[in-house]
Amino acid sequence: MQGDSEAGLHVADVSRRFGRRWAVARASFSLAPGERLMLTGANGSGKTTLLRCLATALKPDHGEIRLAGECLWTHRDRHRASIAYFSHAPRLYDDLNATDNLKVWARLGEYSIDAHSLLEQVGLPPDRTEPVRTFSAGMRRRLAFARILMQKPRLVLLDEPFSALDPEGRTQLVKLVDTLCGDTAVLIVATHLPRTAISLCHHGIHMEAGQITWRGAHDDHPLLKGAT
Amino acid sequence: MRKPLVWLVFFGGLALVTTFYPEAGWTADQPGVIAPGDKWEYITAAYVVTWVGLIGYTISLWVRTPTKKRQ
Amino acid sequence: MSEKSYAPWKDYIPWEHFFGVVGLCSLAAGHIWGLFYTPPETNMGDVVKILFVHVPCAWNSMLVFTIAFFAAFVSLISGRRGADGVLAGAVETGLLLTGLTLITGSIFARPTWGYWWTSDPRLNTTAILFLTFIGVLMLRVMVQNSERRAIWSAVATIIAYVNVPITYMSVRWMRSVHQIQSSPSDVDGPLKLVWRISALSILALAIWFITRRYRIEKARQIAEAAPPLPEANNA
Amino acid sequence: MRFLRQVLAVARKDLLIEWRSPARISGLLFFALALLLLVAYANGGSTFLLPQIAGSTLWIGLLLASTRGLDQSWAVELERGALEGLVLWPVMPAALFYGKAIANTFVLLIVLLALCPLTMAIYDVGVKEDYLIFLGLLFFGCSALAAPGTLYGAITARARGSSVLLPLLMFPLIVPALMAAAKGCSALMSGDIFNEAEIWLWLLIVFNVVHWSLSGLLFRYVVEDT
């Protein structure tokens, strides 16, 4: 999993602390364009913090993240457009309906979209006019995913993408992620469900207490072996 | 919420001292009219308030300084 | 607790204590001289002696808030945590001095002008300044995360400081429409000297206060500093 | 140009949200209206006193309502993590600030414009001339509340005890604006004998220039991690 050229994502010694605790300590890995990584670990092992550092929501206290040869934090204004981050928070406005939500985000980011087809892609009825407030958790997740589908990302970060989704939704999501990433985007999926994510990923990293404790090809993942 | 309370007591105390300081020797009560007399009670009040303020803050700094014992 | 705990008197005597001791002594000396060995002023009598504490406090409070402004600027631009300590010290010291200015000013106003409080532009500006920085202090109290506290209070301090001239302008216009307030008459001779002594003493005290507060903040930062990063494992 | 488009997009988004949940803006209006009525009742409907305090009461009412409104405008962003989404979206932080501040200005202006005729009826006052100056006072008064209010709202919405903290930070700060707006309106309502309304309008403009530029510069530090 060593991306040798400057292209792609290079994470070197990245550490971030909250108060007296290192939530992520010395995380290092490199991913070439098109490579896909599965990030596993128990709750509180630092997966989300690492993803938030990669998404430039947090500044690493130590170490450096380079995307396409540039320091991500220094050039965050430029790179944010090419990072698609699917987080726990759906980032929706409860008072607007699904179409308006998508249109609002598209206008903010100056993306031209077809809200109707985006909604169909994620399996939501495109002609519903109720505000998002009335949606179920799974529907919100779908709509939140439609929101990042409008981006043309170089780096895709998915944080527990399968939570609150029904089995059908999970297979749908796997397909959508495939099309979103294409051949060139770097994908990192943080998940508790390695079985579902495995078809997406080439490599695996396991974290414990903020540190990387295992890395390798996705199919000798320790969690998968323990399960069988 | 302890710190603002300390500040409140501190400035409130100063204000109370100022308000209830005895106004003995006060004669004129009209705006702009200067009354005769030394009015040392006002002078004392001003100096007491100032010193209480300065020393009080010194003590508060001293109390807040962490030492091995206080941790 | 770690070995790095802060216990100044055991290791060394910090330089700022020099300012503290000299400030307290010279302030006491100046006040004794001012109280007992200066002649009363012709118009106001002995009451003028209140100004020996009032005016130096007022001057220094403005100076201290200016220090707070620059500390906020440095803290915001450089992100240095030391600047936040100076900011905390300057805001608290400035509030103390402004509070004293307001109270002693009130005490001076009562026997000379006949009222505790009046709608004078300078009084109002000082009172509003006091309230503005109380807001900054409350913000510092209510925000637990120390990084956020540093940034947010720096932002609030900059805005509060820049607002002072506008406030002054507005309250001056408020009065000027109706009447013009005369300022207290100038004083000279030994009175001026006492003024200068107490102003310099309070300046020394302010330096002492700010530095002490800075040290407290520094000690807190050491107490909450992160443990060293674990060694990289070669997984 | 891109900056301006983003500012407009943010403002449009906020106004759309207000449009879709009209309960919020009417809540502000009735809050301020209740306050106006209460002040009138507390003064016993005195025909001598009420015209004199009409301008100041109008602005105090708007100020109290504005703290609620500013709080809400940030609560919407925090409810589903939209604020972080905005920061990580290709939107400039300054554009985010100016967009929200413009939207807040308009919300306040709508409330104020609805309040004005009611105040004039209840307090028995009216503006006979200088309509332009009067409208200028209303507009720049609202924008003067919105600029520092939006910046401090972003801070206090994420701090503990936000409902106390926002007024505590904001009220002392906007004293010049409040005074200028209230005195200017009062002067116009009583015929502006001393020709002071225009001076107050200029003071409001100065306040706006300083605070809109300063808050725009500082906003980035408030929303981003450091």
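As written, the chain order gives the labels A, B, C and D, with residue 1 at the start of each chain.
Keep this in mind: a contact is a pair of C-beta atoms (placed from the backbone, for glycine too) under 8 Å apart; a residue touches a chain by one contact, two chains touch by 3 or more.
Since we're looking at a predicted model, the values are computed, not measured.
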item: Chain closest to the assembly centre - both centres taken as Cα means; value: D
item: Most distant chain from chain A by Cα centroid; value: B
item: Euclidean distance of C-alpha centroids - chain A vs chain D, Å; value: 39
item: Separation of mean Cα positions, chain D and chain B [Å, integer]; value: 38
item: Mean-CA-position distance for chain D and chain C (Å); value: 31
item: Whole-Å gap separating chain B and chain C, where each centre is the average of the chain's CA atoms; value: 16
item: Junction residues of chain C - those touching two or more other chains; value: 138
item: Overlap residues in chain D, where contacts from two or more other chains coincide; value: 226
item: Residues of chain A touching at least two other chains; value: none
item: Chains touching one another, given as label pairs in label order; value: A-C, A-D, B-C, C-D
item: Residues on chain A engaged by chain C in the complex (per definition of touch); value: 13, 15, 17, 19-22, 25-26, 28, 61-62, 211-215
item: List of chain D residues in touch with chain C within their complex; value: 148, 151-152, 155-156, 158-161, 164-165, 168-173, 175-176, 179-180, 183, 194, 196, 199-200, 203, 206-207, 210-211, 214-215, 218, 221-222, 226
item: Touch list for chain D against partner chain A, complex; value: 2, 5-6, 9-10, 12-13, 16-17, 20-21, 76, 79-82, 84-92, 225-226
item: Residues of chain C touching chain A in the complex; value: 224-227, 229-233, 235
item: Sites on chain B touched by chain C in the complex; value: 1, 3-4, 7, 11, 14-15, 18, 21, 26, 28-35, 37-40, 42-43, 45-47, 49-50, 53-54, 57-58, 61, 64-68, 71
